[in-house]
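Take a look at the structure below.
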Amino acid sequence: MSDLRIAVLGVGVMGADHVARITSRISGAHVAVVNDYLPEKAAEVAAAIPGARVANDPFDAIIADDVDAVLLATPGPTHEKQLLACLEQGKPVLCEKPLTTDSASSLEVVRREAELETPLIQVGFMRRFDPEYQHLKALIDGGELGQPLVMHCVHRNPAVPPTFTSAMVVKDSLVHEVDVTRFLFSEEIASVQIVRPAANPAAPTGLQDPQIAIFRTASGRHVDVELFVTTGVAYEVRTEVVGELGSATIGLDVGLVRKSAPGSWGGRITPGFRERFGTAYDIELQRWVDAVRSGVNVDGPTAWDGYAAAAVCEAGVKSLESGERVDIELAERVGT
Amino acid sequence: MSDLRIAVLGVGVMGADHVARITSRISGAHVAVVNDYLPEKAAEVAAAIPGARVANDPFDAIIADDVDAVLLATPGPTHEKQLLACLEQGKPVLCEKPLTTDSASSLEVVRREAELETPLIQVGFMRRFDPEYQHLKALIDGGELGQPLVMHCVHRNPAVPPTFTSAMVVKDSLVHEVDVTRFLFSEEIASVQIVRPAANPAAPTGLQDPQIAIFRTASGRHVDVELFVTTGVAYEVRTEVVGELGSATIGLDVGLVRKSAPGSWGGRITPGFRERFGTAYDIELQRWVDAVRSGVNVDGPTAWDGYAAAAVCEAGVKSLESGERVDIELAERVGT
Amino acid sequence: MSDLRIAVLGVGVMGADHVARITSRISGAHVAVVNDYLPEKAAEVAAAIPGARVANDPFDAIIADDVDAVLLATPGPTHEKQLLACLEQGKPVLCEKPLTTDSASSLEVVRREAELETPLIQVGFMRRFDPEYQHLKALIDGGELGQPLVMHCVHRNPAVPPTFTSAMVVKDSLVHEVDVTRFLFSEEIASVQIVRPAANPAAPTGLQDPQIAIFRTASGRHVDVELFVTTGVAYEVRTEVVGELGSATIGLDVGLVRKSAPGSWGGRITPGFRERFGTAYDIELQRWVDAVRSGVNVDGPTAWDGYAAAAVCEAGVKSLESGERVDIELAERVGT
Amino acid sequence: MSDLRIAVLGVGVMGADHVARITSRISGAHVAVVNDYLPEKAAEVAAAIPGARVANDPFDAIIADDVDAVLLATPGPTHEKQLLACLEQGKPVLCEKPLTTDSASSLEVVRREAELETPLIQVGFMRRFDPEYQHLKALIDGGELGQPLVMHCVHRNPAVPPTFTSAMVVKDSLVHEVDVTRFLFSEEIASVQIVRPAANPAAPTGLQDPQIAIFRTASGRHVDVELFVTTGVAYEVRTEVVGELGSATIGLDVGLVRKSAPGSWGGRITPGFRERFGTAYDIELQRWVDAVRSGVNVDGPTAWDGYAAAAVCEAGVKSLESGERVDIELAERVGT
């Protein structure tokens, strides 16, 4: 099967990240076309990708014959028209959040897509793919927490740009917890309330920070979210689900921690070498491939490292038999 | 630059893992040739990879014109000859540990490679690429622990195959700690002693388990390693480095934990969304690419999810202004 | 100085605990008089305390010449009259919460006490004396979290008696968080709201459980409290204070955990042997005193344990010199 | 029963701690006689304890009629004679470690005691009374870890006095792990080896630090101990027991952490309010008793605190019914 040819519309922070992802870490796809409202930005990005070209107009990119699918990372206000163009062309599109900037236009997009025979739009709520959220979702769906009853969320940023507004806290930050709630509880949110506590003195004037959001779901579950985007500390995203049979928390920097009867707390030990070192193997192999392609050939343990290990293990086996300390005499160092 | 064409020799557990890695998670390379001492195994693996072919003889694969580099995952006893063939052909090779099965032949390989102008062999000590070991190495090299003085390691497996022997504990498990010691301390190991405590009653007869290995490095540092391969619990690999200025431990399932003056312990909070959700973005994009290529188009949040989020955020912004609870009325569900 | 002679009124669960505390773990006081509305209960408790007597009427106990101070552990509705009697007698009283069962009568008690020259009433909000709350309070008052902005509390019980009502969740459980808020923030609570999520199916019919309480303090700080008294798991009391400069959490079963710039999380290592083993020394000495008083003389390590330790250390010093393993030959065991 | 009258011999750091303990935190005993080789030190300590007197000669204290039992906190070399005097007098004695300074004299003391009808000597290995060691011991004895196989210990001090010698690391620090090994494994230690790694550059010249001790028990179990007394960090005492069915660690500043099949790690949640707040209640009551005895009467929450809590709970119950926010109007503040 040939590679998927993707048009990336918008190569700001998120778009550029996605370009790097498609180019270096994803198999089966490559960036064919790059578009940005700053043409020089698009040109710069395209120049670094073998075979990619620039499109000056996003709609040209969408309809182009050498584009199989579209990745939408443009500003929110442009999404509606670009999504509709993708639908018209029958081209699959991965749309960074938000779908559109208001619910009326979002609904219009949903309805247009529903008229087609096949869905074409995926929205970029990436937390659903995070291993911790996946683990939490599996715990809930597997019934291990019983019926979920309450959820506590924390969304903290160390800082935000000076242009950040109180409404952006809702639309850009809270939106993730909106999706997390719907994803984990598999139901809609029935009401929302935003509480405005006394503000952080360090927050820019006019920015209501922190904010507390309170959701009530269709079935009456309670969710509260602390939104605090000028903490000065770090990026903290935490979710605790409290169910009939126990509670579980993710985002503590220690994996999923669960509390359950009979009065124990704890997590799961990495079960095997694949889970523990899978990422290490991926990095090892990618770096070796890159080293070989660039003519360096080795970017990791050398043959000497292999020899030294062999010598120590040989001595170890001797000591295993005698129980005594065995000295190791290495040959004079050669090679790298 | 064209893709690196790799011959994978040996497609048992490790080799097959590497094939999957090259095919689905690594960019810039593909599997061109597959070899295994079981021809039907090689055929089965090659059949699943577009463009890959089988080589019945590993040496044919090494010399083949359509092979740029070799990944060696054959049994240890075959490594020496295959490595020497790679050297002769001037082909880069990533060799799963061990380099060879004894130090004399390993040294021979090292010397042959040293006669070439460029190194060709990399050994598969993958822990050097693990983010936790990288973090620990950076801490040591940055001087933040002061001079390292002592290291405690634990290597535990829940179980081993019935054919596992006491010497294999040294050669297959301890070998990793040999490399970790050399990697972290940047010096050779001068002596080794294996202590044999009273055995685990659950260990197979004849298997000395647990074992305690004690290293003394060239500069006199002490390293102890608990090797226990029939714990029945999980895969646990733990390393604690004790230095002049504090200690740090990895492998606790909670990231690197550090103890330092003035009497505090702790770790690092994930600093930003890239670190926290980078893997989620990778998975999201790979799954979307796979879905589009297979004609399903969507494998994640749908347009409806985007609409529902827009509706809640809209209500949230209203509540931000009024401070009151705002009810949400969604349209009738359409689409997927 | 002679011991304080205390009258304990009410020897149900809490009162009986306090009697044990005064008798075995507190110095400078003893229980002189015991009263309960069940006279046989009072008699049984008094019989076990050398020198204690029963009072059939709580007011007789309060005015008795052989009573210096009163510990009030009677049901809440009786508190008002008993407190006023203590004030009239000028006797100090430690009153288990609540002070009284409504705010009007509480205010009356406050005003009567204010007419005296010296305060006499202490209320049993014991969390203020808990080392973790003390640590958190010190962190806040020392300015290390900056201005506190938000607080999240969790109050969970595994189960409650079948007679427990929705209002008791507020009056018996939430009351502690009311005091914690006032204690930590040093200000009054200006408003309260109780949210009623869909109930735990396992909760007794008619009991609203969980409940979410939301406080707004006089200066506008936000506090939320999850109250969940039928979790089936364990007793969990957790408090997280989020301030301008970082956050700190207690009640995680791991001491106080703090998050602060530059992006680190952690706690304090027990600084010295007094902090680490102070409780062990207390227990050791109390058990030895009890053993000697009962004629057993020893309740801990024996002389033989001392001898065996001496033998091992002697061998250890020899090995310290030689570096070799030294065998230990103990004498034949004598004594206990 | 009347109080136990204790003679405290030696009021250096440990002895003075014990005096404070007996006087303020232990019930059923008081310090009757104080002795020290520095008479002015003894006089100073005795002066602060109502009813205590000084003895200039330790042997006078041991034989005194107003002494029921002896607490020995004198330097180790004086222990033997003082212990024998206690045995002669038939007086119970709690002897700080070491029993005596060599195994021959220790054995002599053991034998003399064995000739009596009742044991009189208890040795101050206080770790046996520490809740974490007790928990670990219970886990082992309850069979929950299966047969214990290996133990790893760490004993770290931030600093030691300049007079500290290499042998004192063994006799004063390692001695605790000697007793811990014997206590947890219920068997004798058969051999000991001290490994001397390259020393900490920050350690005083001549002090071998760190040291690694290796024990082999009578049944062949392996124990290793890192002794490191100039870490500059904090006081760290850690013990990990590895058994057939899992492992458990104490001394991580997070309670006992256990790893067990099927691949989980974790601890116990404080089960109830007695365990969680028992110490708080003890402190509360002791401080109240002290406040009343000193005429201050209140050292904790006041009647006003009780009133404010009543007002908030009253509003809470109203909100529980209405679901709406209820404002709280407190009376004007009176009293303290």
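Letters A, B, C and D mark the chains as written, and numbering starts fresh at 1 in each.
Here is the rule we go by: a contact is a pair of C-beta atoms (placed from the backbone, for glycine too) under 8 Å apart; a residue touches a chain by one contact, two chains touch by 3 or more.
Computed from a predicted model, the values in this text were never measured in an experiment.
A.B. asks: Among the chains, which one keeps its Cα centre farthest from the Cα centre of chain D?
C.D. replies: It is A whose centre lies farthest from that of chain D.
A.B. asks: Hey, which one of B-D, B-C or C-D is the same interface as A-D, over half the contact pairs lining up?
C.D. replies: B-C
A.B. asks: Please compute the C-alpha centroid of chain B, do the same for chain C, then give the distance between them in whole Å.
C.D. replies: Each chain's C-alpha centroid was found; their separation is 49 Å.
A.B. asks: When the centre of a chain is set as the mean of its C-alpha atoms, what distance in Å lies between chain A and chain B?
C.D. replies: 21
A.B. asks: Can you give the whole-Å distance between the Cα centres of chain A and chain C?
C.D. replies: About 44 Å separates the centre of chain A from that of chain C.
A.B. asks: Two or more other chains in contact with one residue: find those residues in chain C.
C.D. replies: 195, 214, 216, 233-234, 236, 253, 259, 263, 265, 267-269, 271 - these are the residues of chain C that touch more than one other chain.
A.B. asks: In their complex, what parts of chain A are in touch with chain C?
C.D. replies: Listed in rising order, the residues of chain A that touch chain C are 146-147, 149-150, 152, 158, 195, 197-198, 200-202, 210, 212, 214, 216, 219-222, 224, 226, 228, 231-234, 236, 242, 244-247, 253, 259-263, 265.
A.B. asks: Enumerate the contact residues on chain D facing chain A in the complex.
C.D. replies: Residues 259, 263-269, 271.
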